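In the part that follows, the structures are each spelled out as structure tokens.
Both of the next two complexes hold chain A, though its partner changes from chain B to chain C.
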Partner chain A sequence: MFFLYPMYEGFVLTVYDDDALLPIRESPTLSGATVAKLPLGTELEINDRRSQEMVNAGSDDLITDQWFQVEGTGVDGSLLRGWVTEARIRVREEDASGQPLAGTVRPRLGEGADPLTKIHAEPNETSSVVGQLEQRATVTITQSAELEVWFLVQPADDMNSGAAAGWAPSSYLRVSEDASRGWVSGATSGEFTTKFIQRMVDDRFFGPALRTTLLLLVLIIPVQLVLALAMALVIHARIRLNSGFLYVFALPIGMSDLAAGILFFSIFTGNGLLNSALDGLGIIDGPFAFLTAETTGWILVAIVAAEVWRATSIMMVIIVAGLQAIPDETLEAAELFGANYFQRVRHIILPLLKPSIQVALILRTILALQVFAVVVALSGGDVVTVLANESFRQYADLRNTNVASAYALFILLLSVASAVFYLRSVRSEAEVRPT
Partner chain B sequence: MAEILVERVAKSFGDKVAVKDVNLTIKDREFMVLLGPSGCGKTTLLRAIAGLGMADAGRIAIGGRDVTYQPPGQRNISMVFQSYAIFPHMTVRDNIGFGLKMNKVDKSTIRKRIEEAAELLHIEELLDRRPSAMSGGQRQRVAVARAIAMQAKVLLMDEPLSNLDALLRLEMRAELKRLLADVDATTVYVTHDQIEALSMGDRVAVMRDGEIQQCDAPNTVYESPTNRFVGSFIGNPPMNFLEGNIKRSNGQTAVEVAKHEFSLTPETQSLIHDLPGNKVTLGIRAENMETLLQPTPETVAVNVEVVEPLGAQNLLTVSVGGHRLKVSTHPTLEVATDQVLHIRFPANQIRWIDPTTNNVLYTP
Partner chain C sequence: MKQTQDPHPPALAPLDSPEVVQSHKQMRRKAKRGRLLTYIVAVVIAVWILVPVFFVFSMAFTTVETVRGYPKNFLPFIPFSTDTMRFFLESDGVLRGLWNSFVVAAITLILSTLLSIPAGYGIARYIFRGRDLFRLSVLAVRAFPIVVLSIPLAVLFLRAGVFDSLWSLALMHTALALPTSILVVSSVFASVPYELEEAGMVFGATPFQSFRHIVVPLVLPGIAASGLFAFVLSWNEVFAASVLTLDNRTLPALVFTSLSNSPDAYKFAGGFFLMIPSIVFMFFIRRYLFNMWGQVTK
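Showing the complex of A and B:
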């Protein structure tokens, strides 16, 4: 679970959009059954409004109604207590802080209008009516409540015109001046989508990042494999100063990749070691700017150098372990039967090292696909970019967790593919199972 | 001709001296066994001959050619390793042919030799298999076939049977002996198993603490050890040793052991007479004593402590004057614990040993 869950979460982030759809409901409450789900931007016709429970108080698009709890004498002469919308009450008296204390019921204007005003048991229009007030009746205001307006909407664009009408809270809608039309501006319901992957692939940095990552892979891995083999053979040869070699070779493992990047930045920078050396030898006049946008080739050289310096020993350690697993007598037998050193390496050592080389290649390739800090340190992450850097950019700069996650998953996919490739191409289990 | 000459060869690992100043001449086509307890330097000596691990000092020549500074591949030798050292990633065929391929022998010859070697060791049906799925005995056969296929003048074997179980070892011992009789090679065979050494070798070099104690034919090594160590290391049970006092009187010398006076043969008289001090050690093998039920003037009375019937013989542990002896008797002689027996020590079977040098004074 500990290992699987984060991966599952990453996968969900990549292919599932949490805020893609707005559910519209049968009745203007969150408990109302969903009749349809509308994507962001859907154009709407608005047919009715109701004051209802608050759904999303912080939203920019929130439209509210004020309701008062009032006490007064009803049409039938009884004492009434209930809720009525602020639109029906003219406030006559306020306390020092502006809280309404008392008012009168507004008269209704126009022909055929109901002269009476309904008082509700709860602060919304769907609750039961407890009684009615005459116009201009005096009431005391005991409490006020703010309610969100819900709109009865009907999708109006071609794509969703078939969908049924339903209620949606104002905070997820942008409505026109006269509240007759609008569109979906927020959403609460998710859907599976390829749009994040699409956005990653369409990103202008995706192509360069993928190309550079693969180029670095092709430049670094073969150099490192040959170097690591040579270093391991030197250590295995048990010559003098042997442990000295081991320490020198292995020391860079102890340095973080960022530190290694900074170190090589200081070598390649304008007044860095390399320029000083070249200048001192009279090869160049004055410093040469290696790490600029015009010299991306040199930046790549610096990245390859830093990576080779830093991570070759990881492969070496694995190969040394593999070498030590070869029994001395096996190598002695080869020597005794006339194999010289290169024949021993070719016919005995390399075939027996296959499993170790395979592990070293898989591990190193996976690490190379994740190359990040060295690139950022040497190029700033814009001139030359790699996949891991794009993942970071999407997450940190663009605040786009989903696309960042898509990049991360893409790296994972490449890693798995490379591991499968190595396992198939350096197939070996049957041949070199130690005896 | 592949005579092996080892001259004053020495080798040490740090402070530990493994081989000191060893001289050894192994004749052409001889089967020489290096025998000794573990840590005696026998494997180090073999590896020096092979060229695996350079000797610190001395000279090694094979077939009249000085190979002291030559790598193993150029010494015209082949070897069977204790762990077999078969190449696990190659088929049996490639294993057997490896040395020939490295020496650029032409392909048809390689194929022929592989098949011959495989036939000799009855592993023809294994040729295209890999060693990983094979039993210890099969791997051993592959290792021997690989060594034989080289047709080298010198064949070195480092405890080749020690990793096999007892039954298989017995079977392979006889088979190896038959096989190596047909192979025209000078063989050096390292073992710590005295039965292997005695049954297989033309000569046995018994080693201890980096030195060769005795190098003789198996019978000689057994019958006439040159010193106490060889007598005690070879033979099961080992040789018996009894401390005795020298009695010198009127030019006559005798030795008293366990209150019995032993008269000496003319050859040993003067040797023992000339020994400094009064002590001398008597050595005799268990099967060389005569056991009698009735005393005679020549016998020593002993008390039987343990009777071990071993089928072909009964092995008795007897005590006499504070000494313990192992005596083997014919199984038909009925002996009971605590019985008194009388033992005769035939003069020509007794080996007198100088207790200060531990060397046998005279061997007939």
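Showing the complex of A and C:
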């Protein structure tokens, strides 16, 4: 469960955009039924506005209205208490902190204007009307509330024409100055998309990262396989001090790739061990800069050296475990028939080791696909880069979780593909020709 | 031609005949030469593994000027000093990073041990439905990319409000260590014959008593090894630690994120701290390495 859920989550992050669509609603409340979903950037015609409860106070595009709770004498002479928009009240009195205390109802100018002002039960225009106030009536202001403006919008561009009109909160819209047109600037609803994968593939580091990762696999793994076999045969020979040699050979298993990166940085850096040694032997005159942007070849050499140093031991252990399963009698029989050491290795040990080698190769390849601290320690992570490093960079530096996830899934895909490749190509004889 | 190369003369030749003595000598010489070759290969590989480690150790225990200097040399030939170490330990956040690393690794050790004992015992002793599937999935998880886990988990932790917490990082490390721990612990349990437990019960011990007094003393070293392994794994882990923490950096995450703008002395002293647990613990773990991986191929 602990592994499957993050995997599912990673997949969702890769192909699902949380903020792609803005639902527009039948009525200007969050509970209103969704009429349509509009993608980011949709051009809009704005037909009406309404004040409503705040949806997203932190947004840049938020437009608010102030409402006052007022008390005063209504048209019918009774005492009224209710909410009215700030636009209808002229504030006459404020306390020291600027909080309004009292005011008068603004008159409406122009022919045929309604002289009365409606008072609402709650601070929004859709709530019930509790009464009406005369113009210029004095009121005391007991409370004020900030409300978000909602707009009645209709898609204006050709692509979405014909879509129904609906209400959307201002925090997800950007509107023109006269509030007649606008476009969708934020979204709350998700959609499936390939744009993160697209962005990963288009990333200028994607190609180099993939190439370097595969190149490193091809360079490192054959060297490691041969070396691990040699180490395993040495351990299996049970020479004196065997336990000591095993300890030394196994040391790198407990080392992180970061530690290996630092070790080989100390060797290959400008004033490092390699230059000191070459200089001391008189091979070069003065230090040679191995790890610079101009010498990516040497950086690769350093990475290969570090990886071979670090991760061969684990292959050795797997192969030794396989060697221990080969009965001594088999080897003695081969010796009896006159096979020399290399013939025995070639014709007896290697074929019997196939399952172990297969496991070692699969494990090694999968782990090699995840290496990144070595690369960063030796190259800074820009000049030479690998897929895992790009995933980290997208996450940590660029704060782009979705693309980082796409990289991670791509690595998983490569891992599975390489495992399948080894399982098919290093098949043991018995499977190919059942007898 | 073939006849002369045959190291086994006809059976009829007497044992003290010159041919037999000759051939025995030849075989012994050949074996000796092979032995010598093995030693040479062993020593070359050992030197190749040890030289970088010892070089960084030398750099970690010398003066900061020597670290900056050129050409470089190994410890007895350069001044011994705790300058580099002190410089590193006094740098911002290092002591806290060390402590964080220790806490996370310790939690990982405890959690993975507590979880792997019942799981390992179950795999070793009982045949239950889905046992093979369980073993297989444990193995599959062992090879699971940390990268694939870390990023969704970071998002998840962020949403759940447990981001940048040592506990959530320890949980992640436990998940990474568990497969191997379970394999080691189960192979250790499997090496203790069930008959011993039965014998205990024959003499009147309850199943738990015979487990406690017979099995536990025998498996304790193996379980300690698997715990140490979990500790080292957590101490070493870079990717998840860098992704899942921000202020509560562990040592590897701290060293990693400051790689590009830290002086060499900082890196080398950091490298020393990164390596020291594995160098100490590998000594105790090495016997169990094959338990860890021997099962994989079966």
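Here is the rule we use: the second predicted complex is superposed on the first by the 426 of 435 C-alpha atoms of A that agree within 3 Å, B and C clash if a C-alpha of one lies under 4 Å from a C-alpha of the other, contacts with A are read in each partner's own complex, and residues count from 1 in each chain.
To be clear about the criterion, contacts are C-beta pairs under 8 Å (C-beta built on N, C-alpha and C of every residue); 3 or more make two chains touch, one makes a residue touch a chain.
None of the values given here were measured: they were computed from a predicted structure.
Novice: Return the chain, chain B or chain C, that is in touch with more residues of chain A.
Specialist: C
Novice: Could you tell me if A:352 is touching chain B, chain C, both of them or neither one (first, second, both, neither)?
Specialist: Once the two structures are laid over each other on A, A:352 reaches chain B alone.
Novice: What is the contact status of A:424 with respect to chain B (first) and chain C (second): first, second, both, or neither?
Specialist: It touches nothing on chain B or chain C.
Novice: Once the shared chain is lined up, is A:204 touching chain B (first), chain C (second), both, or neither of them?
Specialist: neither
Novice: First (chain B), second (chain C), both or neither: which does A:399 touch?
Specialist: neither
Novice: When the two structures are overlaid on chain A, which partner does A:330 contact: first (chain B), second (chain C), both, or neither?
Specialist: After superposing on A, A:330 lies in contact with chain B but is clear of chain C.
Novice: If we overlay the two complexes on their shared chain A, which of chain B and chain C does A:322 touch? Say first, second, both or neither.
Specialist: Once the two structures are laid over each other on A, A:322 reaches chain C alone.
Novice: Scan A:339 for contacts with chain B and chain C and give back first, second, both or neither.
Specialist: The first partner, chain B, only.
Novice: Determine where on chain A the residues touched by chain B overlap those touched by chain C, and list them.
Specialist: 336, 338
Novice: Which bits of chain B are touching chain A when the two form their complex?
Specialist: Interface residues on the chain B side: 50-52, 71-74, 77-79, 81-83, 85-89, 98-99, 102-103, 130-132, 139, 146, 150.
Novice: Touching chain C in the complex: which residues of chain A?
Specialist: Chain A residues touching chain C: 2-3, 5-7, 9-10, 13, 227, 230-231, 233-234, 237, 239, 243, 245-259, 262-267, 269-273, 275-276, 279-280, 287, 309, 314, 317-318, 320-322, 324-325, 336, 338, 341, 355-356, 359, 362-363, 366-367, 369-370, 372-373, 376-377, 380-381, 388, 391-392, 395-396, 401, 404-405, 407-409, 411-412, 415, 419.
Novice: What residues on chain C touch chain A, complex-wise?
Specialist: The contact residues of chain C facing chain A are 5-8, 34-35, 38-39, 41-42, 45-46, 48-53, 55-56, 59, 68-73, 141-156, 175, 232, 235-239, 242-243, 252, 255-257, 259-260, 264, 267-268, 270-271, 274-275, 277-279, 281-283, 285-286, 289-290, 292-294, 296-297.
Novice: Where on chain A does chain B make contact in their complex?
Specialist: My answer: residues 327, 329-330, 332-340, 343, 347-348, 351-352, 354, 430-435.
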